[in-house]
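The block underneath contains the structure these notes are about, expressed in structure tokens.
As written, the chains take the letters A, B, C and D, and residue 1 is the first residue of each chain.
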Amino acid sequence: MKELQGKRVSIVGATGYAGGELAAILARHRGVRWGGIFSGAGGGAVPFGGLHPALAGAPGPDAAPFTVDALLAGEPDFVFLATPHEISAEVVPEILDRLPGVRVVDLSGAFRLPAAEYPRWYGFAHPVPGLLPGAVYGLTEWCDGELETARLVANPGCYATSALLALKPVLRFLDRAQPVVCDSKSGVSGAGKKADFAWSFTELFGNAKAYAAGTHRHEPEIRRHLGTEPVDLCFVPHLLPVPRGILSTLHLGFAGETSAEELAAAFGAAYARSRFVRVLPAGELPELKAVVGTPRAEIGFAVFAGGRRGVVVSVLDNLLKGAASQAVQNFNRMAGFPEEEGLA
Amino acid sequence: MKELQGKRVSIVGATGYAGGELAAILARHRGVRWGGIFSGAGGGAVPFGGLHPALAGAPGPDAAPFTVDALLAGEPDFVFLATPHEISAEVVPEILDRLPGVRVVDLSGAFRLPAAEYPRWYGFAHPVPGLLPGAVYGLTEWCDGELETARLVANPGCYATSALLALKPVLRFLDRAQPVVCDSKSGVSGAGKKADFAWSFTELFGNAKAYAAGTHRHEPEIRRHLGTEPVDLCFVPHLLPVPRGILSTLHLGFAGETSAEELAAAFGAAYARSRFVRVLPAGELPELKAVVGTPRAEIGFAVFAGGRRGVVVSVLDNLLKGAASQAVQNFNRMAGFPEEEGLA
Amino acid sequence: MKELQGKRVSIVGATGYAGGELAAILARHRGVRWGGIFSGAGGGAVPFGGLHPALAGAPGPDAAPFTVDALLAGEPDFVFLATPHEISAEVVPEILDRLPGVRVVDLSGAFRLPAAEYPRWYGFAHPVPGLLPGAVYGLTEWCDGELETARLVANPGCYATSALLALKPVLRFLDRAQPVVCDSKSGVSGAGKKADFAWSFTELFGNAKAYAAGTHRHEPEIRRHLGTEPVDLCFVPHLLPVPRGILSTLHLGFAGETSAEELAAAFGAAYARSRFVRVLPAGELPELKAVVGTPRAEIGFAVFAGGRRGVVVSVLDNLLKGAASQAVQNFNRMAGFPEEEGLA
Amino acid sequence: MKELQGKRVSIVGATGYAGGELAAILARHRGVRWGGIFSGAGGGAVPFGGLHPALAGAPGPDAAPFTVDALLAGEPDFVFLATPHEISAEVVPEILDRLPGVRVVDLSGAFRLPAAEYPRWYGFAHPVPGLLPGAVYGLTEWCDGELETARLVANPGCYATSALLALKPVLRFLDRAQPVVCDSKSGVSGAGKKADFAWSFTELFGNAKAYAAGTHRHEPEIRRHLGTEPVDLCFVPHLLPVPRGILSTLHLGFAGETSAEELAAAFGAAYARSRFVRVLPAGELPELKAVVGTPRAEIGFAVFAGGRRGVVVSVLDNLLKGAASQAVQNFNRMAGFPEEEGLA
């Protein structure tokens, strides 16, 4: 195994769920030297070992309160931002300006949509619309050379990753006159760390609910990154009584009679060489627990109604392939490391 | 409170989940005297108090091994069958023949479809197709006088109840050119009592999966009982990591621009006087836990895409409104009791 | 069934978990007319149907913000207080003074210990120590005539109920030179409604922990109400990842060789006629789920080490037999109703 | 990082829970070349990627049906047996006889007790009592040179590991006249893969129970390996509604007044240099979820009753530190690898 050329890496927002996973992955990455680790805005100092159960007792820098100055003082080659959308939108231009050569992977939604969509879906006018065209949308398996040179990567949302991985390979079979229904189910950590009665154990144990029907921010994100032709998408997320994991069920109408073999070939063409997307045999649908705690998505599909309709189901861990491990896939591509480094 | 004229009631299959719930409900029903209680076919004797936690220490007949002779010896006025489809199909004609005046509520799928559908969906040719036209489909809120005189009631399936209650009031708004997508999520008890590794705690804890996409028996049941005009229905059930409860998400395309007010009016017209179906204000979507352990369904809905699309979500307890408590609603109507007797 | 002479009943703290259970039980109690229903101190108005899932859509008074004046204006015959300790200690004397004839069941710990214990265990000097000697400790099965005339009943704590029901019948077998170890495990609702990250779903799912070893308030409560001879008790509570239920394991050393038959006889003598405490056959240990959602405790025991040691395990629902349903047992005794009224 | 001298390693019983964890750990161990992988006795062939979620898609030998001949044909240097007690007792002598130089780590209970104890606790007379004195009890942190030369290691039981790690450092403080109470709580996977109604999701969700009070096989194992002076131990295991993890609560009486500082010093002396046992600051009690999925035990303690009594709480993952990862710690010591290889 050849030595990796080490990069200085900093994390902002390491005290959140996705940030903690990032710290745990990067702590075992052979190409990482720590630039610095920072809490979210307003957060205090947290010992390195307290960022994630896997880090208990492990050596590493404590998380310090975040300021741009403190971040830049660490002279990072790479910065991971696991920060709220508004914070990312605000600090990314400053980071890129003040530290030539630094490269950023942003896990928020701040750089995933065209500027015109931000007021409606995020509630703010984008402060630096000029950065948006150059931001690479880091759905790793669908990137083709852009990551290698990107200065700013917009890491995809968890729901969006699960939907896009399932849909992109089979787009050409769809009857565009019918809407694609994406019925997604997410574990509770998708909402972040919550001190809120509605997110208490007693309220959510044994519970489930739909929410944000037609109004969730990942709906325009999926639509935007699905392809160039418009798709009529209907996205309804649900809360599952599990801490981690997303299961997305894509209900599809086909333009012509479509066979399981055709879908299998399309998925195979897309993912046969992928380390982190696994396609199940036709008719076999994936289970959430097969991917929780792993950096992998699994995809299954079934065809019915005489080949006129089908379903594609994808599962992934919302904090890993839906956030932190995909961010590290992107980082590995950007830095020229093997894509699976830190993730095996 | 006026005295109720008592009926002799027997349960077959009281050792299953739905049968145990039936026993618990009927034990507190003021119009019930026990004819007899029976295990499923091949089952042994079980003490009354062991049929359900609520019955521990309560007086009542022990469950005896089932034979038609033993059942008829109890001279029941009403028989509840919580038995496998094939058993129900076999014993119902014998029960009706040998005991004039007896009336049957069958919780299996044996009398819910036209005869022609049984080979494909249930794997057997129906043995008594002549009984099918007279069997009343007991979706209580949508029955109008048929229950009062029925000798045989086909109690609806759990998924079918959740889908039909959600869809029937809004059928007239649908764009028939688009399929209705019914994405349902069920707790584990929907599969019955299982001694099977796949149903073990360790396998299902924190898990979720889709199954039987396009091949579940409740799909033709929903289609059949939705109305007279054909609907293109796509039904995909999922397993939720909870013991009880169904949440069904109905994804709808409307024929014209449809407002939340129109849907609210339609649901209100259907259920305003119902004790057991509760409609939430427009835009509010129901939670599973609000109905688990209750005989109630709750329905919520939202409209989006400028009134062209919407979602209706219904929740119920699969063992109660999806099985036992709906069976008792039907029994109450058949016997002339107040519909809520035993269920308050 | 003879008519019950109705009592005017008020609840304070109906928006908490125990208070909501009280409302649900009393709503089906044939001897209750509502005086008033109140939120906890500082709480706002809440619709009656929102107090408990079983009350959705049911008629009853909305919960109003609590003041003593508002409570007394309802002229209750009985008041249930499901309020914090300090609030109960403060308002009970005022209620008893200003409304002659009113009787109070207090679910807090404000009247369970001798005055001298309050500073250490509750952190305040008791404001009305003169009321403590007259407060009846409402461990219903062990009350003998006191409830019938009590003006103030101190409803036992949830852990204390589970420990005392298990220990009191077998006290005479104990080797007093050895400590009794009470290792208790409680569901999360024991802590009340929490808007706190430590009580979030994500933190507690699949988790368990011990806490407050040697420092929990129920330890002196158990010791005080165990009997007149001192017992060396060691109490360690644990948090279980379930919403409801307590399982207490009492580890005992016997003074002489003790047989399972002797223990069975002792438990039988204590509870054979009890509707709400069920003793299992020797060697059979109870399960939590048999009692969750019921007003019942179950007790099992086993003897080992040649009759020198044994274990008694008790289970109950912390919100019911550990709080609300025991409060209603006490109310029924106080009011001369059948003990099971509202609880069957 | 220096290259490791590879060893040929075989696993028997890789289709069980502990065997699957072993396969997952050894697959990332840099000193392992596969000899062979085998199902349990009577089991069929299983693809390598199906042995554990972390192995999906990974390269490695499929699990073959187990025979001693097939095992020996792989010429392993090391054999891990994750087999039933009787099978281990039967095949170990044959393996050691027929393959000189092979070394065995047995995860069953077949070599943990003196021969005289097997009839009572395991229900069989030990077939090769002569092997028992030479078997090294592999509680890794308490081994001192024996592992390096051992041919047969008896890997400790999960409960026994949790109790022994907690008790051994503080033995000298105990009042031997009082029994030590070990109240343990285990996740469901401790029972292995079960196709049994009692282990179904629906039965165990939200449930908890004590079992095998005074009769569990790990009680004599703990007693045997605690030290040379006899301790009066009372062990009561419980089932927790989680898939993985053990929390053991040790209730202790001290011979003299004992301070938290003395306990802290004792635990520090035992584990300060351990990678896999972490001691919390005095008064802080550990949480199950901090160790689930990790090879680590965590221990906390508290002193009360004026220093006369205390509690030690230990948590670990029953399939890792309680089985597979401890087996790999032992293997690493036996083979001269760094103790954390494969486990970091």
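Methods note: a residue touches a chain if its C-beta (ideal position, glycine included) is under 8 Å from a C-beta of that chain, and two chains touch if they have at least 3 such contacts.
Quantities reported herein were computed from a predicted structural model and do not represent experimental measurements.
**Student:** Applying the document's contact definition, name the chain pair with more C-beta pairs in contact, B-C or A-C.
**Tutor:** A-C
**Student:** Would you identify the chain whose Cα-based centre sits farthest away from the centre of subunit A?
**Tutor:** Farthest from subunit A by mean C-alpha position: C.
**Student:** Could you grab the centroid distance between subunit B and subunit C? Build each centroid from C-alpha atoms only and quote it in angstrom.
**Tutor:** The mean C-alpha positions of subunit B and subunit C differ by 37 Å.
**Student:** How many angstrom lie between the CA centroids of subunit C and subunit D, rounded to a whole number?
**Tutor:** It comes to 40 Å between the two C-alpha centres.
**Student:** How many angstrom lie between the centres of subunit A and subunit C, each centre taken as the mean Cα position?
**Tutor:** Each chain reduced to its C-alpha mean, subunit A and subunit C end up 47 Å apart.
**Student:** Could you pull out the residues of subunit B that touch at least 2 other chains?
**Tutor:** In subunit B, 203, 205-206, 241-243, 289, 292 touch at least two other chains.
**Student:** Of all residues in subunit B, which touch subunit D in the complex?
**Tutor:** Going by the criterion above, the answer is residues 17, 188-189, 193-197, 199-206, 241-243.
**Student:** What part of subunit D is in contact with subunit A in the complex they form?
**Tutor:** Within the complex, subunit D contacts subunit A at residues 28, 53-54, 56-57, 205-206, 275, 278, 289-294, 296, 298, 344.
**Student:** Show me the residue ranges of subunit B that touch subunit A in the complex, using the header's touch definition.
**Tutor:** Touch residues, subunit B against subunit A: 178-179, 181, 183, 185, 203, 206-211, 213-215, 234, 236, 238, 240-245, 247, 249, 251, 253, 285-289, 292, 300, 302-305, 309, 311, 313.
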